[in-house]
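Pasting the structures in now, so scroll down.
Shared between the two complexes below is subunit A, which pairs with subunit B and subunit C, respectively.
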Partner chain A sequence: MIKKILVGVIFSFSHSFVFAQSNAEEIAKYRQMIADGNPSELYEAAGEELWKKPAGPKNATLEQCNLGLGPGVVQGAFAQLPRYFSDTKRVQDVESRLMTCMETLQGIASQDVIKESFGKGLRKDIEALTAYVVTASKGAKVQVLAAHPQEKKMFDLGKKIFNYQGGPMDFSCASCHAEDGKRIRMQDLPNLTLAKGAVEGWGSWPAYRVSSGEFWTMQRRLNDCFRQQRLPEPIYGSEGTIALSMYMAKTAHGGVIQTPGLKR
Partner chain B sequence: MADPMRVRATESGGVVDVKILMKHDMETGQRKDSSGKTIPSWHIAHVAIKAKDKEVFRGQFGTAISKDPFLNVKFKGAVKGDEVVVSWVDSKGESRTDKAIVS
Partner chain C sequence: MKSQYWRLAFGLITSFVVNSASAQRVDLEVQKILGQSFQAKGIAGLDRLVQDENQALCSDEKLRSSKAGLAKQAQLQKVALAAIKPPSDGIYVGDWKSGERIAQSGRGSTWTDAANTTNGGSCYNCHQIDKKEISHGNIGPSLIAYGKTRGYSEEITKYTWNRINNSKAYNACSNMPRFGHFQLLTEQQIKDVLALLLDPQSPVNQ
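Our next item is the complex of A and B:
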């Protein structure tokens, strides 16, 4: 198996005119090979435990958490996020909604999650819970129509931010993600302005990144995109990040969710 | 006990295919943290798989095995309904055992 991959890589280096094509094929083969052992499952298992374990000052579980389909309904919940919630009177993505549930049900302050670092402490708990929630929507179709006026407002804001050029290199999300056939180093860049590309992006994160051995949620992916563009660091779960998620999710509407994904 | 493993065992044509996902940082002892201090080595040392109380696989893992190891083992001799037991011990002496039923 490994020999096959090595031969494939050597071949693709010596024949540069088929470079792009066989690269994508080899990466696809690599993904298929490791698809059986996606370490995201370990995070999903940890998330399921956290969902059912009493925690926080109120010593309660998250089993009454309403992700949009009713208290405790996890199946298919991710497919309809982000969405407007009448109790918080705002549009929320999966991570900000989990923070709300942790605060209202368990008494854990959202600020404690926001000031934490990715992959540590409470942030890590949210990442595991996110893995649990998204796995329950694997194979489902994205159901985000942004019909509610607040949702439409967030979609428009997300689209604006997506196209907003800034920072020392005048980058916007569109600089990398608004054309077909682009790649950065060895990674194909999905065109997020069209349904097909949007579901490739929105529907494959959160994912386990083999190169760093970490489980990345969409909040982390957005945070890293901002870093790559040399833009200021966005606040965890902030309106801007939710707006971008809303833009991607609505554009991806009808596409099949593949999360949790596996990345190089 | 350490974090749980995911163990899956399926039987086809007399061969049992066991797929195991282990949760472990597998530090080589070569990495340094953000303050420049070396992160001490800590990794799974021994892995054993038993089926019907008989050892079918024994392995020594070292620093060449990467984080959150995935192990795929095939063996003959068990049938659907039998129990497969996977266990590991690491360099600190922590251990983990998980089971699966062959389907």
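Our next item is the complex of A and C:
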């Protein structure tokens, strides 16, 4: 029902695009109109429930999960991710960290999440949990300096992957996201190489996508970018995807987090 | 099994590229991590992560604009230009109406597409073409009145044919896909897209 209304609103807006001064302006207006009813809230509520409900072979909750600010601290935790975790000896984004917590606290194998599809089963649980965690950083500033050597390494790797061309169309992330003021069709493309664009991109995902009626995490956003690049599929939570998130997050450092966002 | 095969092949091809590279270096660490971070899906195999010389050079921000990089770009452009085939029947200009449909379509070659899905040109994703189509991107230049402003000479026709076939013959690090080189579009499709730009009857030239 919500989706139908939203699609209706978007549809009526699309007619006025012709006369719009800018596409971004119209979308901003539209966001304002439904600011009180972002359907991400449904995912956030489901995530909070999953956080507190005993589950898995160990029948435990996630309430002792350490997202980087200490066991159980959710408030502001997303703002400082990705970061290096000494227990896993890895740099992790919010989704891979949640998988670690599920595995260590609840006994749910990360592989079971990785082999799932987006929006299904355990993957859907992680998506809801992600909605819960990121909402607790809404309005906070991105705090990702990549000071730890492993974080710096991931940033450098992320930058190289960002520029890595491949596939039958020669695309890299930079093909679309390295200049200001660019669009594909009517879709504005943030310049992810500079702070302003990086905040627009990194700071507004995860988001609820009205066109598909789904909540999309950053892992899913990246997945579909690579699909459109005509490249093979990035593995969920893989090092390459976390490196890209590190590149975006560090570039966005200091910017205000708007997620969960609302997208076309 | 198939994915393991590609992982192996990926490694082999990578080392081959490294050995044969002249100006550019393929970053082994990045290639290794990409090989571990991606999986084949549908028609999109891991072989798509293997770079040719052009992709490797243009992925290296520093090298591509260095003196050696620019020299390499010039050499790659020369090779690319020499490899473009003229139309087999000598006719360059196809049907602009079909060209408009091809320009509109962004379909094909993704892991959700079938192997026999006809590719579109995705032209409007990046270019303004027919001014009636307001939903156009701006990564590439506007092509409004393309023929009207440039003329319909043999020289312009051949240049346009080459540019659609392999834009990298003129700018090695252009953002435009190599439609002929990678057989993203058929010869007839390229003729039709060319007609959209160079047929005097095309709405582009009204």
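Please note the rule applied: the second predicted complex is superposed on the first by the 243 of 264 C-alpha atoms of A that agree within 3 Å, B and C clash if a C-alpha of one lies under 4 Å from a C-alpha of the other, contacts with A are read in each partner's own complex, and residues count from 1 in each chain.
Please note the rule applied: a residue touches a chain if its C-beta (ideal position, glycine included) is under 8 Å from a C-beta of that chain, and two chains touch if they have at least 3 such contacts.
Bear in mind that the values here come from a model prediction, so they are computed numbers and not experimental data.
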- Message: Clash or fit: subunit B against subunit C, after overlaying the two structures on subunit A?
- Response: fit
- Task: Could you tell me if A:Ser238 is touching subunit B, subunit C, both of them or neither one (first, second, both, neither)?
- Result: second
- May I ask you to decide whether A:Pro57 touches subunit B, subunit C, both, or neither, giving the answer as first, second, both or neither? neither
- Once the shared chain is lined up, is A:Gly213 touching subunit B (first), subunit C (second), both, or neither of them? first
- Query: Is A:Glu41 contacted by the first partner subunit B, the second partner subunit C, both or neither?
  - Reply: first
- Draw lines from the C-alpha centre of subunit A to the C-alpha centres of subunit B and subunit C: what angle do they form, to the nearest 10°? 120
- In this superposed model, does subunit C or subunit B come into contact with more residues of subunit A? C
- Task: Have a look at where A:Arg230 lands relative to subunit B and subunit C in the superposition and call it first, second, both or neither.
- Result: second
- In whole Å, what is the nearest CA distance you get between subunit B and subunit C after the fit? 12
- Note on the structure: subunit A contact set shared between subunit B and subunit C covers none
- Task: Flag every residue of subunit C that touches subunit A in the complex, lowest number first.
- Result: 27, 29-30, 33-34, 36-41, 44-46, 48-51, 54-56, 58-61, 109-112, 124-126, 134-139, 168, 175, 177-178, 182, 184
- Task: Can you check the complex and tell me which residues of subunit B touch subunit A?
- Result: 3-4, 6, 19, 21, 23, 66-68, 70, 72
- Item | subunit B partner contacts - residues on subunit A that touch it in the complex | 34, 36-39, 41-42, 45-46, 213
- Residues on subunit A engaged by subunit C in the complex (per definition of touch): 17-18, 157, 160-161, 163-172, 175-176, 181-187, 226-228, 230-235, 238-241, 243
